[in-house]
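Listed after this line are the structures, all set down as structure tokens.
Both complexes below contain subunit A, partnered by subunit B and then by subunit C.
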Partner chain A sequence: MYTVSLSPETDLHIVAADDTQRNAVFEAKVADDQFIEPKDWMPDAYRKTLIRQISQHAHSEIVGMLPEGNWLTRAPSLRRKAILLAKIQDECGHGLYLYSAAETLGISRDDMTEALHQGRAKYSTIFNYPTLTWADMGAIGWLVDGAAILNQVPLQRTSYGPYARAMVRICKEESFHQRQGYESMMVLAQGTEGQRRMAQDALNRWWWPSLMMFGPPDDQSPNSAQSMRWRIKRDSNDALRQKFVDVTVPQAQALGLTIPDPDLKWNETRNAYDYGAIDWAEFHAVVRGEGPVAKERLAARIDAWESNAWVRDAALAHEAKRSQRKAA
Partner chain B sequence: MTVALATSLGDDALILGQRLAEWCGHAPTLEVDLALANIGLDLLGQAQFFLGAAGAAEGQGRDADTLAYRRREDEFRNCLLVEQPNGDFARTIARQFLFSTWQALLFPDLAQSAAPAIAAIAQKAAKEVAYHARFAAEWVVRLGDGTSESHRRMADGLAWCWRFTDELFMDDTAKFRPEWDSHINATLTQAGLATPKPVRGITGGRHGRHTEHLGHILSALQYLQRVYPDATW
Partner chain C sequence: MTNALPLWEVFVRAKNGLAHKHVGSVHAADPRMALEAARDVYTRRMEGVSLWVLPSASIIASDPGESPSLFDPAEDKIYRHPTFYIVPDNIKHI
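Take a look at the complex of A and B:
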């Protein structure tokens, strides 16, 4: 430390030169598809981008427990109730791994939680839509987890090691959830008239918000280019969205359900489905926090945190007393 | 005999599992959220097995789902303790502590003595409930010892639940009372909490006379099966 105060200018210069060199090593590693690990040097902007992305992902898992939790007490059979509870529990586990991965970048879970509660951190827009019927549990598994998987599979090869490794486990569990969701939709689609109507209504409500999960179109995605270069992101929003449409349309047909898009049609030349215009005004409104149940979701998280603060305080106080008693 | 016992054990597990599901997404920490969901899943599993055994022993073609979703509240045989509302986290812990400690004494005994169908379930579940009892006891100690607020809340939670504990020890299960008392008292002493004063026990659940809460629990639990009576899920 004292050397800096002796000749600050020279030292600053050396640090800067050092950074250029370290940045070159970093860039080369990333370009070579090697993992960046917590102790490796990394540019500040890379660190910040990762904290933003991983914490956003963690918050999405935790807030995402709420729309499904809404149907836990009303699940229609003991088996469905157990499957749903286990699925929500997996999401909580995903939130935990992801917060831990973000913590390796030098931010605490409490800081991230506070950012969420103060509205400084975002979470996936999809969770600000309400779950109105039991069929929404199937639709969320099938469409929302299906879209999440397409977003997340490439992240298993993302450049930051702890994030990539967390994603390996998360992707396995997500694909299980997606199959369970589809199976649940199939039972409804082949069920009574009332169940079929419920399934179609769920598809009608979740289809467009699911397409929005891939983010704004490529020409309006502010963070994409740098993230692709850093290999934090691997595929463009529009490319993943197209893939989702192409995979999902035949699945809907197999269920005998109709995708709520009159412009949807197979394009021989592109070898892909053309689909109708997405309501980006709605997307931006939901991102701004104006989704139908955005206030309810955030209020539920804040309430869980604040009304139970005394529990966390008690646990800490007990630990402190215990170690004091041990020392004495 | 088997029908009555399996029904009451299955209903206990079902109703408490349903209560714990209400915490999902709202617990004090993510770790506690995971733990409560784990306990809830164990209880749901027990409910499936015990009610399945009850239906099989009854021999009228009712399976676990039919029993869970199509009975009226006066046909349920769970104890009143498990249907108590979650309240704050301390009351949830008090309920779990008193109930799981009882299950943890009962199940190893049933594994030896009960009809084979029940013994097999009890043997598997004995490990689960031993963990539930330990988890709850650890929290009783944390909250009792932690801060003055947590101490007060823990004492309130115990006082809320205490009047429903006599019901756990009626008829065949009376023999577990002394051991249960000694387990409970040991943990409460460690937590710096007084054992609640004896109060007149409130009973009735084992005969189908419940508190005001069960009807509300069932109106959520059975909603879909009642609205769509011909559907399978």
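Take a look at the complex of A and C:
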């Protein structure tokens, strides 16, 4: 799963005067495509931008377990259930790799969790849509994880070493997510009329939110230029979105399903698909927390954190007693 | 949020014959919980046959600021490499 950096950044260009020399070394390293590691000097704004982006990415993985967990007990077969369970475990693992990467920047996982629960941190808008039918499990794997892969592959070369290494692991695992989703859609699309309708309905509902996953258009994405210069981000939002449309349309055609966009057509001169206008008002509303199930998602996270607090406390108390006994 | 679970570094041996390699970290209250978390987080796809975990706080790392004094002296000691020495082509097995 994936999220783009959604918060305004006003502190990007502030570099203290005495850091000019170290900043020059840093900029040269990044421009030369070298990795920055945790103990290396880095500008505060780079650190803050990374913490924001990596933690949003981690939160997305964790919140992303909720829409799929919704169908775990109602999977249509044991095979599908085992697959879905494995995928959800992967999302959890991805969240943990990313929290670890962010922690190397000097923030604790608990601080990040608190920021999410207090509404100070964002996660991908895609998870604020409900999963209404079983076909949504297929559509999420195919489209949402498909979009995530396109976003994440270039991040394997992102300039911050721990983030890049986490992305290598995540990308290796993500491909299974997309393929199982497509296979699940294929079964439905080739099934009964009712199953085919269910698959089409899922595509209809997930198509536009998936396109929004790539973030605002390039001309409305003011921080992109700095993030690209720092090699935190490697491709523009619109370029990745176009790539997603171009690879996904033939996959939908192979399923015999219709992309819900009347303006979608092949453009011979651009050698790419033209697609219709995205409803950015909806996107910004979901970013503001007005998504259909935004409150439910956050409430579920807070509940999981709070109702399991006694387990963490008990584990720590047990260890305190154990080490005391050992010392005695 | 005062009671944070401590951080542990995780090392995995991919197969016998290879060294344990650092793969990431986990939070856990005690060594056993750390091992179990490491198993769940880092070996879901047969990535390893053995795990090490150790408290992150116990790692002592070199300071990047001292890198020049630590590592640069090796740069002008190329006579430590076999290619520094010229041996005629007709001399074999050396």
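Throughout what follows, the second predicted complex is superposed on the first by the 310 of 328 C-alpha atoms of A that agree within 3 Å, B and C clash if a C-alpha of one lies under 4 Å from a C-alpha of the other, contacts with A are read in each partner's own complex, and residues count from 1 in each chain.
Just so it is clear, contacts are C-beta pairs under 8 Å (C-beta built on N, C-alpha and C of every residue); 3 or more make two chains touch, one makes a residue touch a chain.
This structure is a prediction, so every number in the text was calculated from the model and none was measured.
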Contacts of A:D238 with subunit B and subunit C, given as first, second, both or neither: neither
Partner chain(s) touched by A:D218 [first = subunit B, second = subunit C, both, neither]: neither
Which of subunit B and subunit C A:D246 touches, first, second, both or neither: neither
First, second, both or neither for A:Q89, with subunit B first and subunit C second: both
Partner chain(s) touched by A:D19 [first = subunit B, second = subunit C, both, neither]: neither
First (subunit B), second (subunit C), both or neither touched by A:D111: second
Subunit B versus subunit C, judged by how many residues of subunit A each one touches: B
First (subunit B), second (subunit C), both or neither touched by A:K39: second
First, second, both or neither for A:R312, with subunit B first and subunit C second: both
Subunit B versus subunit C as contact partner of A:S100, first or second or both or neither: second
Touching both subunit B and subunit C, residues of subunit A: 86, 89, 93, 96, 312-313, 315-316, 318, 322
Subunit C-facing residues of subunit A, complex: 37, 39-41, 86, 89-90, 93, 96-97, 100, 103, 108-111, 113-114, 165-166, 169, 173, 312-313, 315-316, 318-319, 322
Footprint of subunit B on subunit A - complex, ascending: 62, 65-66, 69, 72-82, 85-86, 88-89, 92-93, 95-96, 99, 134, 187, 191-192, 194-195, 300, 303-304, 307-308, 310-318, 321-322
Residue ranges of subunit C touching subunit A (in the complex, touch as defined): 1, 3-5, 7, 24-30, 33, 40-41, 44-45, 61, 63-64
Subunit B to subunit A touching residues, read off their complex: 14, 17-18, 21-22, 24-34, 37-38, 40-41, 44-45, 47-48, 51, 64-65, 68-69, 88-90, 141-143, 145-147, 149-150, 153, 217, 220-221, 223-225, 228, 230-233
